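Multiple structures are listed underneath, in structure tokens.
Consider the two complexes below, in which chain A is the common component and chain B and chain C are the respective partners.
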Partner chain A sequence: MQLKTEEIGDIVLIQIEEERMDAHNSGTFKEQMLALFDEGKCKLIIDLSPVRFVDSSGLGALVSGFKNASAREGSLKLCGLQPQVRSMFELTRLHRVFEIFASAEEAQESF
Partner chain B sequence: MSRLSLQLAAGLDNLDTLVLFVLEHALRAGLDNKQSHRVELVMEEAAVNVIQHAYGGESGPLDVCCTLTPQGLQISLADQGPPFNPLDAPAVDLSADLTSRKIGGLGIHFMRNMADELDYRREGEQNLLILHFLRHALEGS
Partner chain C sequence: MAEKVEVDITIPNHTRYLSLIGRIGEDLVHSLGHYNGDREELAYHLNLVLTEAITNAICHANESDPNKQIQIQISTSDENLIIKVFDEGDGFDFANFKTTDMQDTDECGRGIHIINRLMDNVSYHRINKRNVLEMTKKLH
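== the complex of A and B ==
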């Protein structure tokens, strides 16, 4: 998956640079997050601003990242959700699980 | 009624072709953006289900047929995998704790909840999934 990462202290900001998070790219995204966890980075912010479509594979990748971060006493927070993407979190009640912020700055301040 | 079919090899590389095909017909059927998003999601989930489970990653045919109806759009999806009725799959427990939730069942959850009607039948050696999307979605759906 095409993404940009920025390290801000011990926080890693991951900016997704795709319009879709689906069966095509979510497996790769899981591996990209695992590589960060293996480096000991477990405070992640994922900026979903360009994403207009997420399916069950995309949600599964984010849940997997959330579980991995939590298991390492870190956290995975989300920001920049478009309305259609947010509705997917609401439909699956995952909006009660993830901390969701309007912007990366707000997510960063919450750590 | 207008009816158009697409035959393609089941594979993740062909998903874009399938999605574009059904979205073009969602537009022709006069579905709004919200309904078109549902069409896109449900068809993507249904096709991935066939690719990953019915064919187990092996190649196999996938036939998609779009029919414009007076109420909206009917889409049928046929595969030649082993019999599988998504309507028989257990419901996902969305209230369960995240550690015990099975994310794998979410695709079928979306198919059931976002299509206005979902029917399945086994025809000969084929699984046939028939989905209806109404021009004016049912209230509360």
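== the complex of A and C ==
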């Protein structure tokens, strides 16, 4: 999956650079997050600003990252959700699982 | 006379076609002549339901076998929008797939939950050595 990463202290900001997260690219995204966990990085912010569409596979990849981060005593937080992407979190009740922020700065301050 | 649209597409058993079919679904909703509801929402939901149903057919029913195919039929009438997704696998027990047993942090299983929530009628049955997932959305 096309993404950019930026390290801010021990936090990694992952900016997704795709309009769509589905079964075609979410497997790669899981592997990209696993590579970060293997490097000992477990405080992640995922900026979903450009994402217009997410399906259950994309949500599953984010849940996988969330669980891996939590298991390493870190966390995975989300920001920049477009309204239709946010509605997917509500439809699947995942808004109760993730910490969701309006901006990357707000997510960063919450660590 | 009622305006009817019928789309019939067959794709290889590969996830790279998900985006294409999702876009066709969205465009079809935008071209409907007689829908008075939230068109953007319906377009998004159709993209999503097609994506979930085809992913399920590719990865689970057809077990990612590159020699198999997926056929998608979308049709509309004044009353309904009907989607049929055909796979060539052995089928699975759709009726007894319990999404209510899901935990919040399960990684899989949300696709069928999404389809059931967004469509008005959903069935899965076997026809001539294939299976079809048939989903209906009322347009009024």
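Quick notes on this structure:
Keep this in mind: the second predicted complex is superposed on the first by the 111 of 111 C-alpha atoms of A that agree within 3 Å, B and C clash if a C-alpha of one lies under 4 Å from a C-alpha of the other, contacts with A are read in each partner's own complex, and residues count from 1 in each chain.
Note that in this section a residue touches a chain if its C-beta (ideal position, glycine included) is under 8 Å from a C-beta of that chain, and two chains touch if they have at least 3 such contacts.
Worth saying up front: this structure is predicted, and the values here are computed from it rather than measured.
In the three-chain model built by superposing on chain A, chain B clashes with chain C. By the touch criterion defined above, A:53 lies against chain B and chain C together after alignment on the C-alpha atoms of chain A.
In the superposed model, A:63 makes contact with both chain B and chain C. In the superposition on chain A, contact of A:22 is made with both chain B and chain C. Residue by residue along chain A, chain B and chain C are tallied for touches, and C comes out ahead. In the superposition on chain A, A:91 contacts both chain B and chain C. Counting contacts by the rule stated earlier, residues 22-24, 53, 55-57, 59-60, 63-64, 66-67, 84, 91-93, 97 of chain A appear in both its interface with chain B and its interface with chain C. Of all residues in chain C, only 15-16, 18-19, 22, 41, 44, 47-48, 51-52, 55, 58-59, 104-111, 113-114, 117-118 touch chain A in the complex they form.
Residue ranges of chain B in contact with chain A, taken from their complex: 12, 15, 37, 40-41, 44-45, 48, 51-52, 94-95, 98-99, 101, 103-104, 106-107, 109-110, 113. On chain A, the positions that touch chain C within their shared complex are 20, 22-24, 53, 55-57, 59-61, 63-64, 66-67, 84, 88, 91-94, 96-97. Within the complex, the chain A residues that touch chain B are 22-24, 53, 55-57, 59-60, 63-64, 66-67, 84, 91-93, 97.
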